């Protein structure tokens, strides 16, 4: 209820502050019988982890996840899965100067006003560190979706500042530190980021997720549409300011005759909808895009106010990402996987015995 | 769980198909003591109602809402509020040809695959008619927010096809059939829509909502952020394909030094964030934008498949909006009001006795 | 959240006051493809209906349920089902004297204190009239459970004041106005109730529910155990003050060697557990008992206070049941059916692909 | 959804198996500003802890709780509170013989059938060890209720086998290993338990909870009544088979003139209702009783079947409580506190601005 749980049937509840003892979470509703080890989850945690390249923060976080329950003899038992990631590299001294002031662009001010108190160390609960737990939980969903249904959740960086990926080659994405699927843009990204780091500033980004091998029929009418829940999931990622499904904002200037995807005996002729009609998956690839703001933790000096309301300066000296969008790629994948997983189980609850589940269009399931 | 409920503390659950006996809903969690009559809700229902101008569908729906419970002696009692809107103008014959085929761009195909059956009359549950109940429920929230906190939820059409509102004058919005806040664009809109109707095609639109007099501190960290819940609400409106908060997709090319809103002793110096930091309201106006696709019900002929998978033609002869975005303005307001209302009660549950609720920045609450 | 919704996947949300325009509800999560008509639900509504015998209230309520949505061409479509029961026989004058005082044993005082206002006509929302909607919703669950799994939910009056049913013959239950399964007790019940009516007093009762053909494995560990959810459901019925599963309170004096049900290759040798172990169904019959207090609406004069806190008298002149426990039988069945239905869908969501679902013990599923 | 979360606004989600690495949980929705240390929670954990007397199991579990998040500078911050209790004394060898058979009276059979697999070590998730987390979470609720509202949650053993507490002296309860509030029954309990241990058998018990200084108005009408949620909470405790509120099962033979509690200008004249009318607290003490079955882990030999369905013997050699009811006292208190806490926040969400919150009856709040 206080917002630390995501999902209704397959759910994850998280806890933890950036500089506390540990972060962690509980997955509830995982089907039994899924082979699962910590190594399965570590893959994506390592992709999200800071300090893996010179383009992301130099902070070292080991992000080693421990599975505390819900797995026995190598398989999930159907009971709740406890996840724990200890905080190691805390260096609280880096943040001592923020106790008495509100960093602009951060949640310092809003947490203080909401609760009358806040854990100011490293942003506390509002730190992106919390997303490590989402990545671990999303890893469980990804494994189940892939293994049981062949569904794959493929994220990538589609734009960084002015540089746009023009070809989407998923085999390229994980071979470079930018999660960029376009091999021709790597040199430009490298140069852009080097200059940006020198300037002490940060930049926004666009991240996209493509979900392949989608079943038809996932998503609930009216409020909990598949696209609405994806929007909720993505806008809930730190720094995200916009979400699109399919053609997104370009539909504003489209005509109906142009936008509607024709159905043919061979399948849909196009995918303007992004794989969702009436909130329910069409069986086509689901396509989601999101816009991430530039981090506000920059070494460019700025002004703000103290907790007493007086003007003061703000200089961030900590180690921060010049583009938080980059590391958001595995987070976006995890959140998308959690949404699909939850809707798969929700669909199954209500519709197990529907006879005509074979799609009319061959190959669409 | 099957998606027909919105909100956690102040919630609305809806039912009803386009051509059934009635549509309706239940509001749960409404504070007691609020003066409420059907006339309060009818205002927005009439704004949403089809047939009010030549630019929207000529279908006549009286959309008269009845309050069946939860109000006694003119005030809410705290118990659940039953809402009923009877369906009158059903003309099922208009839709008889769609029983055997899937209209492209509609939910016919996905409902059929999900459930193995569907109410094909007028789109059934997937019809935008269902949003009338949301508008009625949103009216209760709007009244409470305005009366108790002075909060106003102001929607408007910010773009229709290529025509953009350049000045936002809320006093203009409700004086024209487009909900356009820019008086200088009315003639252009009129001409554009006349041409569009002649062509038999439809067009997309952008709708925006500005929420004024926001309290500081609404929104729950991590998953149920205020902006994430707004994204869920807006993407759950029929035809919406994209949602932005504050600067939205333009943050992709922004620098951190440019985006972060400086705090001064007089308040925030700018509002790039759209009134939300870390998922919690800053006390500034909340700004949300959404993109609505052009309706797929057009008289331009198209192709599709029958429920048996054979190619067939599709011509929509019913009475439809050439731009569904226009009538979405009161729906977007209603959904935004439901989100704010729910978060207000959620905040109050946990934080009633916090001492330091006076904001540091004067005038910010 | 404000308590008007029951169930998580198969849920019912209700509204309505005793003397308002109508009562009703929304069922969400019903599987598609279930043949359903109003007549299916009317059977149990008629069993619950007042005025059917001289032992229950003489008030006439027609309790005619209307299905407003979610059913098309005679089968459920998977979308939300709207239910409406109009209030007819309101006779508000019977209750005019209760506006200024709190009837002892009723919810007048607590509603007034909770909400600062109340609909005092006939108890408003706290009236047992609201349970008619539960009975209708339970009817949908009962039909599905019976048809798809053979599960039957069989309620009966097990005790009324000092008179206990000693033989449980389900074929007798619905042949008499007491829902008593013991044919040898009908004469005694008849005499007892005649004397009670003369005295103007009321009496408590015990109602039991036996659920047959239960699948193994329903119920979720830890909090949402099958028995815990049954307790929630039953204690939520007006006038219920106690709930037992299986041996109930007699376990206090049992030894472990006596209580534990031995498993044999032919099945369990006994059913002290009431069909639930560790919160999960064993495949045996589920047995639940509940105690209902005597109604407080009696013609025996009493004392109470006015809404101003002054002493006053209270005489109930309305038409009331001398034993509310009798009509609670179909309500208890309905609530039990809602619990089983919800747990069936919850189980299916998580466990669809478990291989070893065949029980080790033959005949146990 | 899969049952590992309790509460809607103030909620606790738990994980962990008896013989896994650790058990733990997450509290969400805790008001900020509450002074909280691990020592606050340890008090009740130590009361629940095995090995504290010769009448409970000799297993040593240190049950040391660690607060991993949500507390900063000694006070709660309003964010989620992570709790961890490491498992220490595991001695898996004690349980090796149960892998291949289903212990009667335990959840071995039902877990296996539900999930197709189970963690058989010490009962896994079905072990009462999981309740340690509930006790820790309940401790947070107890502290808040006591400090902010003076509410106290007082549990005690009201009956053990044939021995009933006749006087309820709360100052006696925590001075003896039985949590018995009647000083005159201690010798009899001591003797009874000594004989029982010798016989190798176990015995049932009745545990009661009295909640003092209750505010008026807690509880939601219809389904989530205060008493219904208490029934859910209590029946969800391992081994509980029956729950009563107020007069409980004795209402069956009561007359209405006898049961209804008269309101006088000085307050209620009696408390047959157990402090709840219409599901809402009256301001009187809330009284709940529950029946706990005798543990099935006894050294008296028994029969059962193997996982292959063959007859086999069962002898429990582990260290077990001869009366699990005794240690259930702090668990029952914790669950009651969680219910009251949740309803307090739920009430506050909806009713913050009700004017007439002063009760008519002096001293009733």
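Note that the chains take the letters A, B, C and D in the order they are written out, and that residue 1 is the start of every chain.
Assume contacts are C-beta pairs under 8 Å (C-beta built on N, C-alpha and C of every residue); 3 or more make two chains touch, one makes a residue touch a chain.
Treat the numbers as computed from the prediction; the structure is a model and nothing was measured.
J.: Looking only at C-beta pairs that count as contacts, which pair of chains has more of them, A-D or B-D?
T.: If we tally the C-beta pairs in contact for A-D and B-D, the bigger total goes to A-D.
J.: Equivalent interface to B-C, which of A-D, A-B or C-D, with over half of contact pairs matching by residue number?
T.: A-D
J.: Averaging over Cα atoms per chain, report the distance between chain A and chain B in Å.
T.: 26
J.: How far is the middle of chain B from the middle of chain D, if each middle is the mean of its Cα atoms, in Å?
T.: 45
J.: On a C-alpha centroid basis, what's the spacing between chain A and chain D, in Å?
T.: Their C-alpha centroids are separated by 38 Å.
J.: Could you tell me which residues belong to chain B and also touch two or more other chains?
T.: Residues 1-5, 8-9, 14, 29, 32-33, 78-80, 114-116, 125, 221-222, 346, 349-351, 354-355 of chain B each touch two or more of the other chains.
J.: For the complex, which residues does chain C have touching chain A?
T.: Per the stated touch rule, the residues are 1, 9, 29-33, 78-80, 148, 221-222, 345-346, 348-355.
J.: Inside the complex, what are the residues of chain A that reach chain D?
T.: 1-5, 8-11, 13-17, 20-26, 28-29, 32-33, 66, 68-70, 72-73, 75, 77-82, 84, 114-119, 121, 124-125
J.: Which residues of chain B touch chain A in their complex?
T.: Per the touch definition, chain B meets chain A at residues 1-6, 8-9, 14, 102, 104-107, 109-116, 125-126, 130, 159, 161-162, 201-206, 216-225, 227-236, 238, 241-265, 272-274, 276-283, 291-298, 300, 302-305, 307-311, 346-347, 349-351, 354-357, 359-361.
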